[in-house]
Every structure is written in C-alpha cells, then in structure tokens.
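A, B, C and D label the chains in the order they appear, each numbered from 1.
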Amino acid sequence: MTVREQLYRQLDPVAWKGKGISPVNRVVCCAIVASAFFAIFETEPTILAGRERQFLWFEDIFTTIFVIEYLARLWVAGEDPRYSGSVRGRLRYLVSMPAVFDLLAIAPILLTFAGSEVFLLRLFRFARLLRVARLGRFSKATHRIVQAIDSRKHELMVSLFFAILLLVAASTMLYIVEGDAQPEAFGSIPRAMWWGVVTLTTVGYGDVYPHSALGRILAAFTAFIGIGLIAIPTGILAAAFSDAVQREKQDAQKARDPAE
Amino acid sequence: MTVREQLYRQLDPVAWKGKGISPVNRVVCCAIVASAFFAIFETEPTILAGRERQFLWFEDIFTTIFVIEYLARLWVAGEDPRYSGSVRGRLRYLVSMPAVFDLLAIAPILLTFAGSEVFLLRLFRFARLLRVARLGRFSKATHRIVQAIDSRKHELMVSLFFAILLLVAASTMLYIVEGDAQPEAFGSIPRAMWWGVVTLTTVGYGDVYPHSALGRILAAFTAFIGIGLIAIPTGILAAAFSDAVQREKQDAQKARDPAE
Amino acid sequence: MTVREQLYRQLDPVAWKGKGISPVNRVVCCAIVASAFFAIFETEPTILAGRERQFLWFEDIFTTIFVIEYLARLWVAGEDPRYSGSVRGRLRYLVSMPAVFDLLAIAPILLTFAGSEVFLLRLFRFARLLRVARLGRFSKATHRIVQAIDSRKHELMVSLFFAILLLVAASTMLYIVEGDAQPEAFGSIPRAMWWGVVTLTTVGYGDVYPHSALGRILAAFTAFIGIGLIAIPTGILAAAFSDAVQREKQDAQKARDPAE
Amino acid sequence: MTVREQLYRQLDPVAWKGKGISPVNRVVCCAIVASAFFAIFETEPTILAGRERQFLWFEDIFTTIFVIEYLARLWVAGEDPRYSGSVRGRLRYLVSMPAVFDLLAIAPILLTFAGSEVFLLRLFRFARLLRVARLGRFSKATHRIVQAIDSRKHELMVSLFFAILLLVAASTMLYIVEGDAQPEAFGSIPRAMWWGVVTLTTVGYGDVYPHSALGRILAAFTAFIGIGLIAIPTGILAAAFSDAVQREKQDAQKARDPAE
C-alpha cells in the first residue's frame, strides 16, 4: 500500500476500515472544536485582553493544520474513483461540495491576517463540525433523526403554517385591542408579532404583555394554543421516531429469518 | 375542451389533473400571501411613511386579481356538477361556503376604498391562505393532522377541562395567600388567573409572581403541574399520530395483499 | 314506573338509559358551572361594585337548586340497591362519599349567609364539576387519561424524584456560586430553589437569575436539563397513551373474532 | 438464622425476602430524607435563627444513625459471598463503591464538627437518596427510564450536538446584529450565548432580549427552532418508552407461551 493510499484511508471516513474515526481525522476533529472555541472566546474582551498574541498564535496553528489538511485531501483525492485522472480529476475535486466547504473553512483564518472583521465567515469553520460529526460513529443516529424529520416534513410544514396563521391572528387581535394603550409594543401588527412569537413559543421575556382585561383574555388563549403548538410537532416527531424504531426492528428480523 | 372547462380545471384544485397546484392557482396563492404581507406591514407607521401611494397601488392590484378570480370562479361554477343549471346553479354557488368565503376575502379591500378601518376583516383575507393550502399538495398532511386531533378530541377536551380546573384551583390559592400583599395582581380570582395562565403554560412573563414563601411554594407546585399540562396533550397527540401512521401502513399492506 | 323511580333515573348518571347526560343532570351541570363563574367573578371588586344584590340573588337561586337536588337525591337513594331500607339505607347514603361531597358543595353557600369569608370552601363547589364531568359522555375519555397516568405512576414518580434531585443539586450549586453576590435571591438553598423551579420548569419569570459568569454557565446547564425534565414525563405519557390505544384496538378485534 | 444474617437481610435490599423496603432500611431512608431537609433548611438564616442548638442536635442524631448504619453494614458484609473472608473480605468491602459512598455520606457531618463550610459535601448526603431509591420498589421503574434513555443515547447526543450548533449560530448572529447596541448583553459570543440558552430552552427570563427589528426577527426564528429543540428529544424518548413497553409485553407473552 502506497503512502498516498494509506493517507487516503486515514482522511476519508468512508474509506477508513477501522471502527469509529481514524486517528488523523480525530486530530482534525479536535482542531475544529478547539478553533471554534477560540473563535467564540476571542470575541469576549475580558478574555482576550492581554492575550491577543496567544490567540493569534493559536490561530496560526489551526490555520497551518487546516491548510495542510486541505492540501493533503487534494493530494489523496486521486485515490477516490470519482476524482481519478491527474489534472481533470483534481479540478473536479476542487469544485466539489466538500472541497469548497473546506476552503471556506480556512478562508476566515486567512482573512484574519488581513485584519478585517469576519464574524459571519467564522461560522463556516463551525460548519465543519457538522460535516465531520455526520460521519463516523454518529452517522447512524444523525441519519435516523434527519430521516425521521424528513419523513414527516409535510406534516411539520403544515404545523409550521398553522403556527404562522395563529401568530398573525393573535398579533392582529392584540394590535386591535392593545394598540392604542401601548403604541410602542402593539402599535402595528409586525410589532405585535414580537409579542406573539414570545408568547406562542412560551419564551415569555416579559418585555411586552397586554395590560387591559380583554388583551389578557386573548393572551391567555394564545398561551394555551401555544401549548398545542409545542404538542403537535412533538407528537408528529414522536410518531416518526416510533415508526423508525419499529421498521428497524422488522428489518433486523427479516435479516434473521430471510425465509419468511 | 372549451375555454370554460380549461379554466375550471385551472381554478378547481380537485379538478386539476396535474401534480401539485395549477399555474393559475399558484398565481392566486402568491397574490394571497403577498396581500397578507402588505396588510401586515402597512400597519407599521415607519414602513408606511411616504409609501402610502405604493401601498394603495398594490391594494388595487390585489383587489383586481381577487375580483377577477371571483368572477371567473362564478363563471366556471357551471362546470361543477353540484352547481349545474344556468341561474339556479349560480345562485346555489353564490351562497356556498367557498363563494361566501371568497366574497369576504375581497370585501375588506373594497371597504378600504371607503376609508374605514377594517382590521378584523383583513383577517378574512388571510383565511384564504388556509382554504388554498388545504387543497393541493398539502391536503394529505393537513388531513392527517386534523384527523389525528379529531380522533382524540374527547381526551383533548378532558385535558383542557383538567387544565381549567387546575388554573382555577391554583389562582384561588394564590388569591387567598397573596391577595392582601399584592392587591393589584392577586386581589381577585380573575386577576390571579392571569398569573395562573402565565405560569401553567410556562410562558412566565414575570410581570406578576408571588412574593411570600407560601405563595412561592404553591407557585412551584403550579409550575410543576404546568409540565404535566404540556405532557398530557402532547402524549395524547403523539399516540394519535403513531396510530395514524400504523393504520396507513396497514391500509397500504392490505392494498398490496388483497387476498389476506 | 313510579315518580321516584323516574327521578332516580334522571338523577343517577349510571341509571340513565339515554345517551349522554339526562335533562335534569344537564340543569344541575349548568348550575354548577354558573355558580363557579359567579364565585370567581364576585371576588373582583370592579365587577362586584354596585351588583352585590344581584350576586346575592343568584347565590340564593343556586343554593335553592343545590338544596332541592340534595333532598331529591336523598329521597331517590332508596331506588339504589346499595341504599335500600327506609331509615338505615338513608343513613348509609348520608355518610356515603357522594352525599358528603354534595353537602360540602352546598355548605359554602349556606355559610355565605352568615357573612363569613369562605374562600377555601368555594373550591368545594367547583369540586362538583369534577364529579359530574367524570360521569356521562366524558367518562370514557377521562378514564383513559387517568388509567394511562396510573399505569405509569411508578415511572412518573421516579421522574418527579429525579426532578427534585436536580432541583436540589442546581439550587445548591447556585447558592454556593451566587449566594454572596445576591443574598436576597440565592442566600440560602430554599431561596435558590425558587430560582431552580422557575428555571427547570422553563417558566422563567426573570425576577431572579444569576449575574456571574459561572452562575450563568450552571444556569444554562440547568435550563438544558429542564428540557429533559419536560421530555421524560411527556415521553412516558406518550408511550402510555400509545399502549392504551393499541390495547383498545386489540380488544375491539377480539370482540369481533371471538374464535381467535 | 444468626443475628448477623438477620441484620444482613434487613440491610441489603437484594437479600430482603419481603415486599418493598425492609423496616430497617425504611428507617435509614427516612433519616436520609430528613437529614437532607435539615441540610437544606439550615442554610436559610430566618429558619436557623435561634434554632442553632436544635439543628446541631438533629445533626448529631443523623450522624449517630449513619455511623451505626455504616458499622452495621461493615459487620454484616461477611454474609455477602462477594466479601467473604474475615479481614481481606472487609477490606474489599471498604473500598467497594457503596461503602465509599456511605463513608462520603457521613463525612460532611463529621466535618461540620470542625466548623468548616462544606456545601458541596452536603450534596453527597443527598446522593444517598438516589442509591436507596434505586433499590426496592422503584428499581424497576428507574431501570426502565435509565434503559430507555441509554438505548437512545446516540440520538440524544446528536440532538444535543444540534442544539449546541444552533445555540452558537443564533448567538453569533445576535452578537453581530445587537452587539453594538447592547454591548453588555450581546458584546461577545459568550455573552450572547446566555441569551441564546434562555431563548432556545424557552425559559425567557427577560433580562436580555434584542431591541432592533432584525435582532427580533432572528430571535423569533431562534424561539421557533427552540420548540424543535424540545420536540426532538421528547419524540426520541417517547419512541424509546413506547418500544420498552412493547418489548416488555412481548417478553410477558413469551413467558406465557414458551412453545412459541
């Protein structure tokens, strides 16, 4: 086995023959998590103060790791049958989704050197976490959750549609009832919708709430309906997960008794 | 196929032979959603300021679309076997639920020209969204949710009844315990019920809450019971959705093995 | 059929041969609901002001109805095989649970004439609602909910026990971390438990919350665990309701195919 | 049966032949609960004031009970086949998990005599509650809950991972949008995460919330996603409990029809 082939097996989670995540990918995972932590905490002035050099130093390390990883993935891409062929294959790899994703993940670090503020791009670094976690040992569990949500996406969309309808209805009523008394909070439907979302989702910040008796009665109905808003998608997902568990058991039984 | 028949198939989601929603209905759906957005945002003074003419102009467009749609539906109604017969059929259509609904949906726009404030009637325009969404591709998912809720309506009514009982019991206790200390918030049972709803639904605005030790102990029990209040309808709906999924699978299997 | 027998069938929901609730019991139910409404709203000074006479007048009507109902039930009790025997049967009825319950339900009204404040006893009047609602058409749905909760009472008690354990653990930690900074809110474990309940149940009034970084990290963990606290009993109840639905379907199938 | 054997059966819940919890263990359970109550309430100055002697006196009683219990368990350990052998067996028992746990449970009381503050160690006394409750009548229900959670630990971990991802994404967006307007609340990602946790878990204290229109739109999305965050683990657990109930029923049926 050539070095390139060995490295390919280490870097590609699908090609990896061992259990879980390969040692090289484990280092990459840790670097992703660590760089995310640094990206989060360097925004806090009380943490950053007097440690700017150390933070920059760690950034350099992570950049180096991710650049090396990117180049290594580019080098071993030829092992993948989809990207075979020396120049054309590499170009096809370069414009593939994972490669563009990887490039975006190192881009913010490169931009940091330019001194610009790139809060949004830092999110891409974190997006890598999702890509890596999707693979390896968690893949089956993530797949189950995504599939269960996907199998009921029409019902979930309808319940979201009902939620929006309720939100508009509740906000319009409160706008009519409380609009004159509290123009700042209920003076228009979009303003009243802030109260509507906060109430229907049972968050309840308490920055805005009706003061009149009629407004409170309508808000009470909204809050009760808000429980239904939580109960319906939860019930749909519970049924979907229950169904997925049963199908899996039936598949396992069929695999045991193929004669059946 | 006559022009009237073609238009009928375009306008009636049930008569439509293609997948999803017909092109004409898609335009109608977009107009409904857009007119709802305009109705919501024109209540916000900071958005409306200086754009009154544009808003009125858009209103005119939507009114025209909905009036044309109403007249078109009236014209093609003869294609529907239920409304056959030139004069009597049209009269029967005019007083049918969907036609009355459609008329109410254009009424607020017509009233706007009169300069009167018609917040409530604007809701009807939004009600059209529900009517259209019920048809077409979402119909099956909406049907499932409505049927699942309907199949457990007795249990859901009983859990609502328990909720009201708990609300009255909790509010009465807080009224007895906190009524003297906070007459504004707990001075009567109806006033204490505002606190009760906010606590039982776990919204928790924080505008009113008990100050005494005994009041807080009672509020703690109420909050814990509030979780049960969420858990019971959620559990009922989860079981209903689970049951609906299984029945559907059995029906699909029966359709495959009619000999069984 | 004697008059007493006829009245017995009207008053006893089990002896009633018709569907739902008998006409006489329907009047009693309405009187119970109405008297509860009056009991709730007469505590509100802005509603009571100037209407004291009307409220007292309605109280008199309800008292008369409930006293007549009580005497009628006492008279027809002899029709019930359990209370047969003229004097001994009546005495046995008088000390039976429903009769004592009925007496308590009219007691507060009788006490109102004495001018004393009887907030707590008013709850008993409302307790009648529960007794009546348990019977008649809702009995099956209520029975299902009570049975589903009862079948999982050990699991629900264990999850409540876990909740209390989490509450004590979270409150103790916040007491240690925030006790010095906010002695009023976190100065002792019982005080911190108020915050703990408000956070774990996701009510979140916002009257007390940690200010320090460590306190907020602990509170974040508590809030996340609070979701689990809602998820566990909901999941248990969902499984219980699902199980009840399936058992019912199996029983219905057995009743159809007794040969199986 | 020797005295030691009799005491062993009283102290070891597994060796106890009777139903539920043995009389001796019942006393131990009550002492644990009572000592926890005292530990909680002695932190409240208004309760402790003037009762320091009584609290210390009760502490002495509980210490005595737990020390006697500890010595008794050490004495009867020889009856347990795992700890047979006079000296080596006892030493093996002394370093076993339950014995170390028991020692930690009496340690805080012993340390109290030294006058030091031992808030954290007091938690260990409460941990005994869990150990005892795990045994006896609740063991089956606790086992079911723990097993149901354990059987879906991968899915629950993935949903926790999604929750953290959403938390970071929402907090970063609010930090970008509201950071300049509210530097105290949204001036850095870790600060914005406090808002994120409070919103995603639907606690909603109301100490921090967005003021700008864009911030409120993002917060509304976060609050809606927060419902999904509650719905997913609840659905997973509901499916797990449903599965556990069905497996139990199948096992019970197999036990009845072993020929199958």
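Here, contacts are C-beta pairs under 8 Å (C-beta built on N, C-alpha and C of every residue); 3 or more make two chains touch, one makes a residue touch a chain.
Values in this document were obtained by computation on a predicted structure and should not be read as measured data.
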Quick check for you: after a Cα superposition of subunit C on subunit D, what is the rotation angle, between 0 and 180°, in steps of 5?
90
Check: interface with higher C-beta contact count, B-D vs A-D, is A-D
So which chain is farthest from subunit A, going by the mean of the CA atoms in each chain?
C
Here the gap between subunit C and subunit D, centre to centre from mean Cα coordinates and rounded to Å, is 30
Averaging only over C-alpha atoms, locate the centres of subunit B and subunit D and give their separation in whole Å.
42
Need the CA-centroid distance for the pair subunit A / subunit D, whole Å please.
30
Enumerate the residues of subunit C that touch no fewer than two other chains.
193, 202-206, 230, 234-236, 238-240, 242
Mind listing the subunit B positions that touch subunit C in their complex?
154-155, 157-159, 161-162, 165, 168-169, 172, 175-176, 187-191, 193, 199, 202-206, 209, 216, 219-220, 223-224, 226-228, 230-232, 234-236, 238-240, 242-243
Would you tell me which residues of subunit D are touching subunit B in their complex?
202-206, 234-235, 238, 242
Please name which positions on subunit D make contact with subunit C in the complex.
36, 39-41, 43-45, 47, 119-120, 122-123, 126, 129-130, 133, 137-138, 140-142, 144-145, 148-149, 160, 163, 190, 193-194, 197-198, 201-207, 229-230, 233-234, 236-242, 244-246
